[in-house]
Structure formats: structure tokens, C-alpha cells
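Some structures to go through are shown next.
Two complexes are shown next, each including chain A; its partner changes from chain B in the first to chain C in the second.
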Partner chain A sequence: MKILSIALNTFRENLRDKLLYNLLVFALLMIGSSVLLSRLTLGEFHRLILDLGLGSINFFGVLIAIFVGIGLVSKEIEKKTIYTIVSKPVARYQFLLGKYLGLTITLFVNTVVMALGLLVVLYAQAVPIEGMLFKALALIFVEFMVITAVALLFSTFTSATLSAIFTLAMYVVGHLTADLQTFGAKMDDLSRGILNGIYYLLPNLERFNLKGHVVHHLEVSGSDLMLIIAYGATYTAFLLFTASLIFHRRDFR
Partner chain B sequence: MAVSIALHHRSASIVNQCLLGMGGILLLACLGWLQGEIDRRQDRTVVQIEGLAQLPQGEYLKPAVLGYHHLGADLLWLRLVQVIGKKGNSADEYEWMYHALDVITTLDPQYAYAYYAGGVTLGDLANRPDLSIRLLEKGVKANPEVWNIPFLLGYNYYFLLGDPAKGAEYIMKAASLPDGPVYLPGLATRLAAEAGSPGTALAFLEARLRETQDSEMREVLANRMKEVIIERDLFILERAVEAYRTQRRTLPATLTDLVTAGAISSLPQEPFGGDYRLDPKTGSVSSSTHPERLRTFFKRPQPTYSFPKVQPSYSFPRTWE
Partner chain C sequence: MTPSSDLVVQTEQLSKIFRVGFWGKRVTAVDGLSLEVRRGEVFGFLGPNGAGKTTTLKILMGLIYPTSGTARLFNLDMGDPRAKTRLGFLPESPYFYDYLTSREFLCFYGHLFGLWGAVLGRRVDELLELVGMTHAKDLQLSKFSKGMLQRVGIAQALINDPELVVLDEPMSGLDPIGRKEVRDLILGLKESGKTVLFSSHILHDAEVLCDRVAIILKGRLVACGRVTDLLDQGASHQVELVVDRLTPEGLDHLRPLTDKVVMQGDRMLVVLKSQQQVEGALEIIRTAKASLVSLNPQKGSLEDFFIREVKGHRSPPEKRA
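And then the complex of A and B:
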């Protein structure tokens, strides 16, 4: 209950953030511009609209997750508003989870708005809409949830700027982790062990990337999809758990 | 007094604003002029094509775009399409286009349209069947279910390299895939017949006939088989005539002479119910129902076609698994 009220408050606070609207408008512009670009291309103009649309939703969603996410806790500390909350009978982990849930709601609303924009474009251009599109969007949202948790984790112990840099770095690394295994396969046992350890510790964000499946009409089995969602949820839980531990010991001065 | 000062103050601020506005417009005009001047000094298409040459290898680019590789392939394709439209590219430029196509198809190996359109451009426009074939073979590996990539490969071998046997092999591969158009098996058999292997064509048609339930299609295939049988018989008969001539130093008067001379054991039956006729002057054999020989026709007359116009700077291995 306490978590939910903090979440709703965070959501309301996010809605007042100008950054959110800037990014949203840019995303919608990009989705719309795919119509113009598709006139310039040769061959499958459907795929340009889908690629650009899903790419924009993913990219701007990640930007929102990172740049709103890093301010969740650090802004409260900066403005000293955190004192009024921690002095109330609210556990620190409840505060953190509420904040996280609030941004997740914001991101969900944003994803829905951007997806609606894409659907309107697709409908207007008479592009057939398949079920795979919604599966891809669902996994993009799971990626947002993981990124938000990463941003929140960093913002519990460093400044907003550093959290932004760390989270961006995690986003980049998260898309390259598959290479760690490739490198590891060419090395000796010890290095391979270390690289594998890092591989399992870091989030593998490529797992949530089904954008190509939509364009090429490839299917993903239901059990695979559930496993990927479970992976995302577990990773988020792990990040939130670590963030709560750190935040619990944090001294606000 | 106070009023005049206020007025003076107001007019000064209006003048200031006007000056600021003019300054802004002047700066904008300068920007436009500079932009135009720089553009005028360099040919935009040349810059765009040279940009393609400088693309990093797809293997390195793919991880760098962080999961947006399909979008990356689209944007590169968009850039490539703008320069393909240019009239008459140089030999170098076609090599750069091949490089760009290679990068695009590494970013998105399932981009079937890029293989096909790129294959057409490199093969027909650039006169570089080597590059076209290399691109298309990469496409076949990544998309074994897409029929038009092996189809274009067959086309390249037949028309551009003058290799009907290889062409027939690829067209047959294309014909065996789902979604292939109905004319493909016929085309494959024509190619195989011309390659001097009507046996291959017959085997392919038999296989198709066994798998086809549609009565109309079965009739077409059965007809085609008979045509190929004629082709095979003519091949056998002409060889027998040739053997007869080398043995007796004269041409046979009729085909039955071949049997009596022992060149063949018996005369084959014309599958359409007609008969085979020998031209006693030339020694050539023809069918009474199908006087035309079964063969495909080249798009361009072979002798005027010089290949390759551009000598590739590297050797292209002509081996296939």
C-alpha cells in the first residue's frame, strides 16, 4: 500500500518532467518520419517503417528509463525531501520499490503512447500488423524495466551524472555480452571461467531484441518468450534487491 | 520631459531589437550561402559513394550498433539506393557498392530483397557476375528458403557466364523451394536439356511429377517430359548418324539404316505419336511433331558480349560445394 502510494506520487512527479515530453515528441516524430523515408527506399518499404518505429520506441524508451531513472533517488536527496519520507514509518526498501514502480508505470504509459503512434502509421500505410509485433514490444518493455533497475541501483550510491554514465555503459555492455563467451571460447580455462562469470553477472540485453523477428516474420515459441520474460524479471529483482541493500546502509548528509 | 525620455527609451529599444533581428537574419543568410558554396564545390553523389567505400566491415559494425542492426541495414540500404540510381558508375564505385551490400547483408542476413536487388545491379549493370554471385551465394546460405536468390544465381550462370549446366542446377534448386513460380521447373529442364544432359532434366521432371497432385500441372509436366525425351532421342540418333558416317564414310539414307547397320538396337518411339526424320543431306535428325529443338535463348547474342569488362583485382574461386 505504501509502495503503491509512493509509486503513484512518482508517476505524477514524472508527468511534470519536461524531459519526458521532449523525448516522447522526438520518438513520435521519428516514427512519423519513417513514412517519408520509406518513399525514398527501394523494395520493402514495410520493413523500414517497422524497423524505424520499433527502433525509435526502444531507443527513446531507454533514454527515458536512464535519464528519469537516475533522478529518482538522487533528486530526493539533493532537494532534502528524502528526510521527510525516511522519518515516516516507511521502510527504505518500500521507498525504493515505490520509486521503481512509479517509473515503470510512466514507462508503460510512454510505451503505449509510442506503440499507438506506430500502429497508426502502420494502419495508415496498410502494413499488416502481426502478433509478433506485440511480443517484440513486450520484450522492449522488459528491457526498459531492467535498465530502470540498473539506473536506480547506481543512483542509490553515486551522483546523477555518474549514474547516467554507468547506466549508459551497462546498456552498451549489455548488448555485447554474447561476445564475452566468444572470446572466452578462445582462451584458457581460467580466463574462460572469469569471462563466463562476467557473462552471467551482466544483463544480456540482446535477449530482449526481437525487432528483427517482426520484420522477417520469424516466430518465437511461447515457452521461449516466457523464459526471456522470466529472465528479465529475475534480473530486475536481483538489481532491486542489491539496490535495497545499498540504500539501507546509506547515510544521507 | 519625463515623457520624452520614456519615448526616447522606447525608440532606442525598438532600434536595438531591429538591429538584433537584422543581425540574426544576416547570420542565417551567411550560413545558407556557406552551406551552398561548400556543396557546390563537391559532387554530392561522389561523396556519398566514397562514403560507402569507407564503411567498416559488417562484422565490426554489427556489435557497434547495439541491437539496432536491422535499422542500420535499412539506413545503409537507403543510402545505397540513392547512388545506385546514378547513371554510369565507375568500376571502383561498383566494388564499393558490393562492399556496402556485404555490410548490409551482414547486419541483416535475412534481408532477401537486398541480395536480389544487389545481385541484379552487380550482375547486369556493373557486369561483375563474380561479385553478384558471391553476394547471392551468401544469400543462399543465410536464406535457404528464398527461391529468387538461387533463381538469380542460375540466371547469372546461364546468361552472364554462359554456363547452362550450373544455371540449371541453381534453377532446379529454386524450383524445389516453396513459393517459387510455376514456370521454374520448365525453365530448369530447358536449361538442363541445353546443357546436354536431358537425363538430369528427365529425373527432375519425374520428381516434380511425383510430388504434384494438381492435374493441370501434371499435364504440363508430362508434356515437358515428352519434349525432353525427344531431345534425348535426337541426341542418341544424331550420335548414331555420326558413328555411321565415320564407319561407312557416307550418310545413311533413312533412320532404319542405322538399325540394320547396328549403330542402334531399335528406333526410339516419338512420344507424341509422330516420327523422327533424317535429313539425308546434312545428317541432322528432327521430330515430325516438334521440329524446333528444346533450348532457351540468350538475352544477348553471345559473341558481342565481352566478359569481364573489368578485370577483378582478386581471383574468384570457381568451386562450389
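And then the complex of A and C:
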């Protein structure tokens, strides 16, 4: 119940944050502009609208996850609002989970709004809407959850600016981890071992990317989808657990 | 000895060492502090800026972990959630969720104590009334002045009807009216049987409000006790006399009894070393046929005591001797 109160308060905080609306407006503009851009292409404009639309949702969602996510905890510490929470009968992990859940709700609402924007555009342009689109959207949301947990983890021990840089780096690296394995395959045993270790430690965010599948009408089985979601959930749980451990030992000066 | 059930706050040899900067330089913020706050009293925690007051309060509130020593609230170990349910805390220069209205703000804190619905609504209305903020209940905190924030901050600390209220610098940054209101609030809390622990460097307020005070310097306790006892102990007991038309001979007789003589035309201000000198001085004045204008025993103030203690601890020992 305490986690939920903190989550709802965080959600309310996000709703009253101008940054969120700016990002949301830009996302909707991008999705809408895909219609204009598709005019410039010869045929295949379905693909362009889908690719650009899903890309925009992903990009702006990640921006929200990072830039709102890093402030979740560090802003509370900087503004000293956390003093009044921790001195109440609220365990620190409850505070952390509440903040996380709050932003997750915000991101969910955002994803729904952006997805509706995309559906309107698709419908208006008479692009066939397939089930695969919804699977892709679901995995985009799972990726947001992982990124938010990364941002939260960094913000438990470092400043907002550094958390933003680290999380952004993690996002970029997370999409390139497959290259680590390819790279390792050409190295000696020790280097391969190290690179493989890093590969498994970092989140493999490419797993959540189904844009290609949607555009090229490829299928992903239900069991594969569940496996990817389970991977995202496990990774998120691992990040939140680590964040709680760090947060528990922290002094609020 | 105070029975342990009457002890609301208890610290033993509490120490906190911070590591600061890149090389982790050690800075001692609190150094072997042992304190006791008893049920029902108003306890002032005094010291200059940077003395370790806020650090100590933060340790008690579970915001900071001590390096060594123990702290107990209501005879419960630190970090025991049961202690936190009986506690209210107002941090120093509080910043709150400024996107909330005061009503939403108080409701949020109520939820953290498991208060919901009509019970919470009533409690919030009561508190807004108590701190005189009913008119601003639907205004966002971002539009509040510092004094208004301090008031909802106090309301926030009282949401769970706590037995112990801890206020960190509750008067700082307030205008005289705001300070008076906070003083009245603290006295009201005492009347309703609550224990109040507050830190301050505004000594006049502490002198008026507190049953007992502790003075800390550089993290160490330098004095602790009832305000009257501290003022008696080592207080100067000087007496100021104002005399008109005292002859030079009379002044010569008077000099050995005085600390200071200030002449202003025919009138002079004479400061006697102690009350024991009063009789002798009056005799001299009568004999010299001078007239006594006024006689003022100087009452020691907490401020004098505080400044003496601070100076005493700052100067190196060989100079003090």
C-alpha cells in the first residue's frame, strides 16, 4: 500500500512535469510527419510509416525513461524531500519500488497515447494493422522498464547528470552487445571469456526490437515472446534488487 | 536516574565520521555524543552552524548511519519501524513536493501511515486549522512563502499524532510573527503531552521554550541541563549602578568593587563585580552624598552562556589557563 501511494504520487509528479508533455508532443509530431515523408518515397510507404512510427515511440519513450528516471531518486535527495519520507515508517526499498512503479505507470500511459497516435496515422493511410504491431509495442514497453531500472540504479549512487550519461551509454551499448560476441569469436580464449562475461552482464536490448519483424511481416512465436518478456522482467528485477542494496546503505547528507 | 521507560531519545557515545572529497578525507561530524530526552519535555539542541546538530538528528531519523555508538527511540533500536510510527520530523529548510496542494501533500503523508478516507480527511482539516493554513488548502506548494512552507511542514510532522516531534531549525528564516507562531505551536505540543526535540541557534527562543538544553560544539557535548541551572552556573551576577554627582573621593573608594566605570558628564555607570558588593557600594554612595539613579542586577542569558562556552572551547588551552 505504501509502495502504491508513493507510485501514485510519482505519477502525479510526472503528470505535472512539463518535460513529459514536450517529449510527448514531439513524439506525436514525429509519428504524424511520417505521413509527409512517405509522400517522398516511391511505393513502400507502409514500411516507412511503420518504421518511423515505432522508432519514434521507442526513441521518445527512452528519453522519458532516462530523463525522468534519473531524477526519480537524485532529485528527491537534492531537494531533501526524501528526509520526510525515510523518517516515516517506510522502508527504503519500498520508496525505491514506489518511485519505479510510478514512472512505469507514466511510461505505460505515454506508450498508449503514442501507440494510439500511430494507429490513427495507420488507419488514415489505410495501412493494414497486424497483430505483430502490438507484440512490437509490448516489447518496446518492456525495454522502457529495463531502461528505467538502469536509470534508477545509477541515480541511487550518483548525480543526475552522471546517471543520464551512464544510462544513455548503457542504452547504446545494450543495442550493440551482439557485436561483443562476434568480436570475441575472433579473439583468444581469455579475451573471449571476458567479452562473453560482459555480454551476459549487459542488457541485450536488441532482443526487444521487433521493428524489422513488423515492417517485413515476419512472425515471432508466442513462446519466444514470453521468453523475451521473462528476460526483461528478470533483468529488471536484478537491477532493482541491486539498487535497493545500494540505497539501503546510503547516507542522506 | 530516569527510568528507561521515560526516555524518549537516548544516544550513547554516538559518532559519525564522513569521508569527503576524492581522497576520502575523514571529517568528524559527531563525536561520542551521549544524550537523553525525557518524556514530555521540550529539549533544545543548540550549537553554532556546523556543530553536528543536523547530523545527530538525521542519525535519529534513520537518514544517516552512525559510525559507532548507539541511538534508541522509545527504547527501541534504531531502524525499528515501530519507533517511526510514533515520530514526527520537520527537516531543516524543508523542500516539499511543490507540485502538490497542501491538502494533497498532507494526504500523501497520511497514506504512508495507513490513514485513508474520512479519518484522514478529518485529520488533514484539523492540522490545516492548527497551523492556520485552511485558506491555502488548494494552493500548490510552489506558490508558498517560506513561512507557509514551514507551517505545512509542521503539519506534515504531526499527521500521525506523534509522541515525539523532532524539528530541525524550525525558526530559521522566519519573520518575528512566524517565529512567535512556531513558538506557540511548540508550547501547544508540550501542553498536549508531547515530547519536542528541536535544534536551533536562535537562543532566545530556546531560553523561552526549553525545559532542558544541550549545547554541542564540533560534534561534542559541552553542556547539558535545565536552562536555569546552566544560567546560574558560572553566570556573572554583575550589578549595574547609575549614579549622579559622585565625588572623586567617593569614586576612589568605589573603584576596588567595580569591573568597569563609564563617565558621562555628572552621571556615571558603575558595574559591580558581584551582588556581594552592593551593600558596600550603596554605603559609599550615601556617605559621598551622591544620588543613586538605578540599580540593575544583570541576569545571565543563555546567549552569554553560549558565547562563553563557544569561546572557551575555541581558544587553545594554554591561553585559557
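By definition in this document, the second predicted complex is superposed on the first by the 253 of 253 C-alpha atoms of A that agree within 3 Å, B and C clash if a C-alpha of one lies under 4 Å from a C-alpha of the other, contacts with A are read in each partner's own complex, and residues count from 1 in each chain.
Convention: a residue touches a chain if its C-beta (ideal position, glycine included) is under 8 Å from a C-beta of that chain, and two chains touch if they have at least 3 such contacts.
Here the structure is a predicted model, which means the values were calculated and not measured.
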{"item": "Chain B versus chain C as contact partner of A:G222, first or second or both or neither", "value": "neither"}
{"item": "First (chain B), second (chain C), both or neither touched by A:G131", "value": "neither"}
{"item": "Contacts of A:K79 with chain B and chain C, given as first, second, both or neither", "value": "second"}
{"item": "Touching partner for A:G212 - first (chain B), second (chain C), both, neither", "value": "first"}
{"item": "Which superposed partner A:K88 touches (first chain B, second chain C, both, neither)", "value": "second"}
{"item": "Residues of chain C touching chain A in the complex", "value": "18, 58, 61-65, 81, 84-85, 87, 89-91, 93-97, 99-100, 104, 108-109, 111-114, 153, 156-157, 160"}
{"item": "Interfacial residue positions of chain A with respect to chain C in the complex", "value": "1-2, 5-6, 9, 12-13, 16-17, 79-91, 249, 251-253"}
{"item": "Residue numbers on chain A that touch chain B, as the complex places them", "value": "37, 40-44, 47-48, 51-52, 55, 58-59, 171-172, 175-176, 179, 205-206, 209, 211-212, 215-216, 218"}
{"item": "Chain A partner contacts - residues on chain B that touch it in the complex", "value": "63, 66-71, 74, 77-78, 81-82, 84, 108, 110, 113-114, 117"}
